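Presented below are the structures under discussion, each in the form of structure tokens.
Consider the two complexes below, in which chain A is the common component and chain B and chain C are the respective partners.
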Partner chain A sequence: MKPFRSLKMAAMAAAVGLAGMTAAAAETTKLTMYYPVAVGGPLTKIVDGLVADFEAENPDIDVEAIYAGNYNDARIKALAALQSGEPAQLSVMFSIDIYDLIEQDAIVAFDDIVETDEERAWLASFYPALMENGQTLGKTWGIPFQRSTIVMYYNKDMFRAAGLDPDNPPATWDELLTASKALTDADKGQYGLMIPSTGYPYWMFGALTMQNGQVLMNGDGNETYFDKPAVVEALTFWHALGAEHKVMPEGTIEWGTLRQNFLEGKTAMMWHSTGNLTAVKKNASFDFGVAMLPAREQRGTPTGGGNFYIFKQTSEEERRAAMKLIRFMTSPERAAQWSIETGYIGISQASYDTQALKDYVVEFPPAKVARDQLEFATAELSTYQTGRVRKLLDDAIQAALTGQKTPEEALGEAQSQADRLLKPYRQGG
Partner chain B sequence: MTPRMANVYGWLLLMPAAILLIAFTHWPTVATLISSVYSPGTPVRPARFIGLDNYRLLVDDPVFIQAALNNLWFAIGTVVPSIALAILMAIWVNENIPGRGLLRLAYFTPTILPMVAAANIWLFFYTPDIGLIDQVLALFGSSGRNWLGDPDLVLPSLIVMTIWKEAGFFMIFYLAALQSIPPELREAAMLEGASRWSFFWKVTFPLLMPTTLFVLVNALLNSFKLVDHLFILTKGGPNNASNLLLYYIYETAFSFFDTSYAATITMVLLVLLALLALAKFWLFEKRVHYQ
Partner chain C sequence: MTDGTMTAASARSRVRWPTIRLDWIAAWLLGVLWILPLAYAFWAAFHPSEFVTRFEPFAPLTLDNFREAWTYAPFARYFLNTFLLVTGLLAAQFVLCTLAGFAFARFTFAGHQVAFALVLMQLMITPEVLIVENYATMAGLGLVDSIPAIALPYAASAFGIFLLRQTFKTVPRELEDAARIEGCSWLGVLWRVYVPLARPVYLAYGLVSVSHHWNNFLWPLVITNSVETRPLTVGLAIFAAPESGVNWAVLSAGTLMSVAPLLVAFLLFQRQFVQSFMQAGIK
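Right after this comes the complex of A and B.
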């Protein structure tokens, strides 16, 4: 009877095991995710659509995606939820929030979550330039999602009227200045170039300094290079465009109304986020082009936008489920769809290899410029105490552009104050 | 009812208001004070007692000093003109003129608009060259100005918008006050041969004093509380030329994550507003002409 008995036992064990498995399958994992929208357009609908597709594929995971305002609001809400004991498991937040989130001990590194080689390969599948803002302390904390760069929009009709080649936009600072002079018509109140200097002055400035061969901070986020000669030179150039060459309005230029200025022909060229591409495409009554930013030492632009983060206060299952969701959202097909519908960059080479994005790039070539420019892209300004450090630089830029201080003075002061803020984060500091 | 019962009864009546006041006004004030003497806590670096360090920091913080000065100019610049304008508009729409209802509505419209909506409209008004203001000025041959991008112009620009936004609201109070002034006074003054100006200055204006006190308190408080427009128009720039105390508190708390320094500035603002309120009540108790 012994074999029979053991068989019976085995059957019972199998039954129990099966019951346990079905129970686990029926149990859904609930995920809460905050996400910001920084540019106009029906982005919430697109995100909701992606989430619905994911839930259809993964019935055991229940995702609640909550639109949380702009980047600042999203961070405040996610951190508030964390403190209230009803935390989100993952969120899309500003890529430059990384040091603050680490300082708050809020997030977990993806290196500590990935298990298989296949997952490690996924972690390495994104454009390196987009990973810079998500990596520090030797680990990856943020996965690129809604990412942009700065590009130069230019009015081809105005180029033709000024006798310039509309298919050959300026590629160096010298050419930029020459073209701007040709395009400026003071009597008509028409300028050659506008670079916005409110809202995110440090972002535009990051492009100018990169082009001049100098980044603004180190990879550990505890050192800034605001007073380096190349940085001062970049700000001097920006200031001179308005004050000396008169090809740009003097004082600061408003981020929010710049697109309108461009659409109304008040400026022949503007530097702006790729996030504006769809809006300009829809509203421009003239022939416009999109070009990479020009070079001095080299071409350059900072990246911008939001990354996925996974929070520390999560269970093992929640982390696995969050990984599934993030992998779904960053898969080549979804990334391609997201890029086409929003204008954000496809985050991996694989997404540009999809048929959908290949076709789109042929049909609408400007969509390719941002991607091609990634080769010259660097991280957006991000340090410990990032809000304060960023404001120091913003204030210095605006002080110089409005003529309150010289570029050397303004940047020197900003650097010494940034040094004071960042000292505690340096080794032995 | 025994005196003891009356006591209990009295306290019970007070309770709802007292609970609300303590929970939402007094306790937060105390909590703010406490948090201003501690360093901001993060999981990595727990909060510790730092005494008056934050208050010493205030004196050395050029942005705080500039925001405070800006706020002072903003208060002076908005309060006096918007009260004067409110009285003028009230007297105008109090007259028996055709289309009076429409005119009153027109003056009141800016008040109905949310500040954020109004700021968005004015953002385009102030846009150099293509904005409404520059286009109108261009008719008179004046070239475009960078209203919000010039440190000397940005605060006056905000003041003008705020006056536009606030005056209509104050007008309503003056209108009500004007209508409660007995018409006999005017008839008597006319019989005496008083000019319109001396009637206004000797009779109407003194009778409006209680309203003026009320409006003055509100306008001053508002000038420290209004901050919505900064989010849209300038974000405190360029280089803090339009930064105001409340916006700086917001930046410190939510952009810099320095809640304890934000609490410190909040304490300063609270003390300032409390002093203002006290001074005004004391001063006007003697001067205001109540009938």
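Right after this comes the complex of A and C.
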């Protein structure tokens, strides 16, 4: 009998142990907000600080801000919570998730929440380029929050050494190529230019195609233009930088280690997210500059980053509270503070008109480049079935860069597969 | 030993000498390959970030990376949560898998083959597919944002059941019969005969389970919301910074902090681990 008893006790102990670990489960808070973290630094603390300020101003609203991993994790978490009946009321998520969220009937348009003229004015107060990824079907679904663009970082010391004007970074593709050739020194293992092609190849590519005068998709998210001549030409140029001109390493270039390569002088120029600005500033041992991306037909970059969304499963009261919170977080002063502390761009003209950001831009001029470039910015690749469509383009780019396929072939295949995916979303298709 | 056998032995060893050397080289190569990422993490963590991809033997050492990493997230609490999670879960797995494995190994009941097939099927489903379903179940139980919610979907481990069933099947019936004659109940037989004989398997399974759940990320992230319940990996993910690229020095420091307890435990119990794996026949 004894062994039986001790076994049973072990089982009981295990059960009690598990039950004892139950933490105080979800208190009845008014608002739950998920947010992802996509750039380095103690961002969770900054968000906690903003939320604490908001709660101090609005004692009747209780906000629980929950860190939810990267953009992908955040979407999974939000949708899982939604379908289980314990949803959040609002969330910061990838701006390009918009079509998936609409298709799942998960979010509500801000046009249906705003009530007063003042709120409508607020809705129109952001940089138009930042709204592109948040608007479709004639409505606004996402409010810009942690947004970035691509800029060109360049090493001024190397420019001087190569006899180039450090205050005159290349402004066209031709100048870019000439400068890159002058800056490349194969003996020292030093390249003129690196454009990353892992992680977010479609994003970098969106810049090249925009510069060549062609966007990658339509505003309804059901049509892509991967096989347009200007797009093929852009990929041919990218491939030639490494394969033909040898000013960039051949094959693919790692997204995650590119900053390190730039900081160590392995490349004189890099294209990267503005999200890197703070880190480069902190760690560069040389004189560096930040420039807008060069132009062929025009300058161009896609925007990137995360937007605020409000979920459909919310009461009238919760929507009002969520609006208050989002308006607080996007108010000029908070947006300025957020921009200075994280390196993301200020999302409205008004935020750049605040004293804090004015001073910061004077003290650190590169911070202004991203904003000025917004004039030439376009939406980041975003369609229905966005994950799969993006993967098609990513694979095509990498296949072309590694020389497995020609740009025409790779992009043609990607386009026909994207057509198949998007057909059901076209009117009468 | 006579002189004759000595020379014969040494002659033989001289003949075999090159092949043994090849084995060593292969073993060393594999060992070095295996340890390189860890060695790199140590290098990056203890040096200022400008030495992250530059090797200079006398680069200055620093603990700043650890200091910085520690401030990113409440790691002390996360350590506690992870510890509670893996120990509680392991206890639950041992109990459930032992009982289920014993039932499948020694009893014939209606539908036992179907039931076992269902358990095996569980092995082929990746848990990530079930995140939404599991979340709904936990919400139904009112357990969202709790450590048991992280553990429950893994408690009835198919791998554990399968492993223990196979082990129990190899135990000779005679031992069981002897225990029965001595008056042991079924559970007594299990406790007195089967469990002690399967000790190496328990150790091996425990190692696999602990290391797996120490490292598990997505499910704990999805099902938990607060500092009080989240495990180490969630804290570690803050360093990932997909958009700006990674600060390798701080990331390495955070990684070393997170794996340190497992690493120390492995070094301490290395001999037991290796032996148990040999006996259990799992690699």
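One rule holds in what follows: the second predicted complex is superposed on the first by the 400 of 429 C-alpha atoms of A that agree within 3 Å, B and C clash if a C-alpha of one lies under 4 Å from a C-alpha of the other, contacts with A are read in each partner's own complex, and residues count from 1 in each chain.
In this text, a residue touches a chain if its C-beta (ideal position, glycine included) is under 8 Å from a C-beta of that chain, and two chains touch if they have at least 3 such contacts.
Quick caveat: nothing in here was measured; it's all calculated off a predicted structure.
K.L.:
With both structures fitted on chain A, tell me whether chain B or chain C touches more of chain A's residues.
P.N.:
Of the two chains, more chain A residues are contacted by C.
K.L.:
Between chain B and chain C, whom does A:Glu64 touch in the aligned arrangement: first, second, both, or neither?
P.N.:
Once the two structures are laid over each other on A, A:Glu64 reaches chain C alone.
K.L.:
Thinking of the overlay built on chain A, is A:Glu317 touched by chain B (first), by chain C (second), by both, or by neither?
P.N.:
In the superposed model, A:Glu317 contacts neither chain B nor chain C.
K.L.:
Is A:Gly251 contacted by the first partner chain B, the second partner chain C, both or neither?
P.N.:
First partner only, chain B.
K.L.:
Contacts for A:Asp53 in the overlay, against chain B (first) and chain C (second): which applies, first, second, both or neither?
P.N.:
neither
K.L.:
Taking the superposition on A as described, I'd like to know which of chain B and chain C A:Gly85 touches: first, second, both or neither.
P.N.:
It touches chain C, and chain B stays clear.
K.L.:
Quick check on the superposed pair: does A:Asn276 touch chain B, chain C, both, or neither? Answer first, second, both or neither.
P.N.:
Second partner only.
K.L.:
Output check: A:Gln398 vs chain B and chain C. Expected answer is one of first, second, both, neither. What do you get?
P.N.:
In the superposition, A:Gln398 contacts chain B only.
K.L.:
When the two structures are overlaid on chain A, which partner does A:Glu233 contact: first (chain B), second (chain C), both, or neither?
P.N.:
Touch partners of A:Glu233: none, neither chain B nor chain C.
K.L.:
Kindly classify A:Ile76 by the partners it touches after superposition: chain B alone (first), chain C alone (second), both, or neither?
P.N.:
Touch partners of A:Ile76: chain B and chain C.
K.L.:
On chain A, which stretch or stretches are contacted by chain B in one complex as well as by chain C in the other?
P.N.:
The answer is residues 76, 199, 256-257, 260, 264 of chain A.
K.L.:
Give the list of chain A residues in touch with chain C in this complex.
P.N.:
Residue list for chain A touching chain C: 1, 3-4, 6-7, 10-11, 13-15, 17-19, 21-26, 32, 37-44, 64, 66-71, 73, 76-77, 79-81, 83-86, 148, 199, 255-260, 263-264, 272-273, 275-276, 279, 283, 285, 304-305, 343.
K.L.:
Flag every residue of chain A that touches chain B in the complex, lowest number first.
P.N.:
72, 76, 100, 103-106, 189, 197-199, 249-254, 256-257, 260-261, 264, 266, 385, 387-388, 391, 394-396, 398-399, 401-402, 404
K.L.:
Taking the complex as given, what residues does chain B use to touch chain A?
P.N.:
Those residues of chain B that touch chain A are 42-45, 63, 123-124, 127-130, 143-144, 146, 148-151, 232, 234-235, 237-241, 251, 254-258.
K.L.:
In their complex, what parts of chain C are in touch with chain A?
P.N.:
For this pair, the touching residues of chain C are 49-50, 52-54, 71-73, 84-85, 87-88, 91-92, 94-95, 131-132, 135-136, 138-140, 142-148, 151, 184-185, 187-188, 190-192, 217-218, 221-222, 225-226, 228-229, 234, 237-248, 250.
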